[in-house]
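You will see two complexes here that share chain A, one where it goes with chain B and one where it goes with chain C.
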Partner chain A sequence: MTAKKFMFVNRKAPFGTIYALESLEVVLITATFDQDVSLVFVDDGVYEIVKGQNPKGIGIKNHAPTYRALDGYDVEKLYVERESMQARGLTEADLLVDVEVLSSAEMADLMAEQDVVLSF
Partner chain B sequence: MKFGLLVSEGPYTHQASDTAYQFAVAALAKGHEVQRVFFYHDGVYNATRLTEPPQDDRHIVNRWSALKEKHDVDLVVCVAAALRRGIKDEVLAPGFRISGLGQLVDSGIKSDRFVTFGD
Partner chain C sequence: MLHIVNKSHAQTTSLQSCLRLAKAGSALLLIEDAVYAATVAGAAGSGIADAMKTLKVYALQPDVEARGMTGKLVDGVTAVDYAGFVDLVAEHPNNQSWL
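Now for the complex of A and B:
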């Protein structure tokens, strides 16, 4: 069976809700199914991959290092929406993983190519 | 067409579960197949038989159970998300089953369209 294109759209801040963490859990499982996985970071989701996260003070485990381990699962397609990044005063230098920065129009094209889009 | 559904929010607070249910009923009425409904995040709360809404309100949990009964729709609750939130076999409403996230991926692979209902 040929692999399907799975896209995970991360829209929420890393803490405050559980979406970022539970999205990451699905990403890891999907990778074990040998599917073509991409991750997208838009809106506050961009904050999920910002360097220097330390949630110790709020008593929540830091899951940010997992993003750096994704290439070990052959998950290497990471995309950030330029408009979301700029609106938050961030640049690629602020991010803890290598990403491809796309305009929202380019992002829309990429989404249109997917078989399965999961939004968290 | 074969649909896979994901429900990411609990009942009542969010409309996601209602919309997913209405989507499933409409799809079945049109002759489509609902291959699976997967419950994740707070969506796992859709599966507890301890749910008791006021009598004049819809019973979201029983409605899902009835869908399984009538159309044999596979209702799967994510085990990791469920255990985090105290949802175990002993509180599971009829028709639901607890399984792994692999069932979510499997649904994405096997369905023609995969539709997410969340916040």
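Now for the complex of A and C:
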């Protein structure tokens, strides 16, 4: 089977909805099938990979460490849109994983070359 | 690439982000509450008026009719029925439904 290029577009903050966690689940499933997986973080999705998350007090499991485990599944293509990051007062140093920061135009190019784009 | 948006531009930032990340020459299909963005009253504020310079914009006619917006779409937006929706998906190599 030829690997397809899958992009997961994360645009939601981590705890207000189930989207962030569901995205992670599907990413791991997709990686299991040896597909070419990219994760992108746009808009509030950037908050998903901010360091220092501690949801203990709101009774939700902290799924942030999972992002650090992704390279164990050969998921190494993580991208952040610069505009979204800067609009939230964040820099790469605030993020818990290594990412490639892209301009909106670069992100648009990357998106256009995918076989499958899934929104979360 | 085909971009699909289903939320009102006044309610969420989906359309705004889509317009920021859609490459020139892409297609944009507005469905459900997103059709308001293509009305004469909404097109400037929603960014659709500007976007039409570089994107091909479609609106799903049943959703336009359901909302009483028939005849209120801005010039240059192409209305499509459900079969047209299917054609758009089939014609483009990939697509994204913005949530």
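Throughout what follows, the second predicted complex is superposed on the first by the 120 of 120 C-alpha atoms of A that agree within 3 Å, B and C clash if a C-alpha of one lies under 4 Å from a C-alpha of the other, contacts with A are read in each partner's own complex, and residues count from 1 in each chain.
We take it that contacts are C-beta pairs under 8 Å (C-beta built on N, C-alpha and C of every residue); 3 or more make two chains touch, one makes a residue touch a chain.
Worth saying up front: this structure is predicted, and the values here are computed from it rather than measured.
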Practice problem: Identify the partner contact of A:Asp43: answer first if only chain B is touched, second if only chain C is, both if each is, neither if none is. | Solution: second
Scan A:Val116 for contacts with chain B and chain C and give back first, second, both or neither.
-> both
When the two structures are overlaid on chain A, which partner does A:Ala13 contact: first (chain B), second (chain C), both, or neither?
neither
With both complexes overlaid on chain A, does A:Val101 touch chain B (first), chain C (second), both or neither?
neither
Between chain B and chain C, whom does A:Leu90 touch in the aligned arrangement: first, second, both, or neither? neither
Identify the partner contact of A:Gln35: answer first if only chain B is touched, second if only chain C is, both if each is, neither if none is. first
Overlap of the chain B and chain C interfaces on chain A comprises residues 19, 115-117, 119-120
Given the complex, residues on chain C that touch chain A span 1, 13-14, 17, 20-23, 26, 93-99
Contacts from chain B onto chain A in the complex sit at residues 6, 8, 40-41, 80-81, 100-102, 104-106, 108-109, 114, 116, 118
Touching chain C in the complex, chain A uses residues 9, 11-12, 19, 42-43, 81, 83, 104, 107-109, 111-112, 114-117, 119-120
Touching chain B in the complex, chain A uses residues 1, 4, 6, 18-19, 22, 25-26, 29-30, 33, 35, 115-120
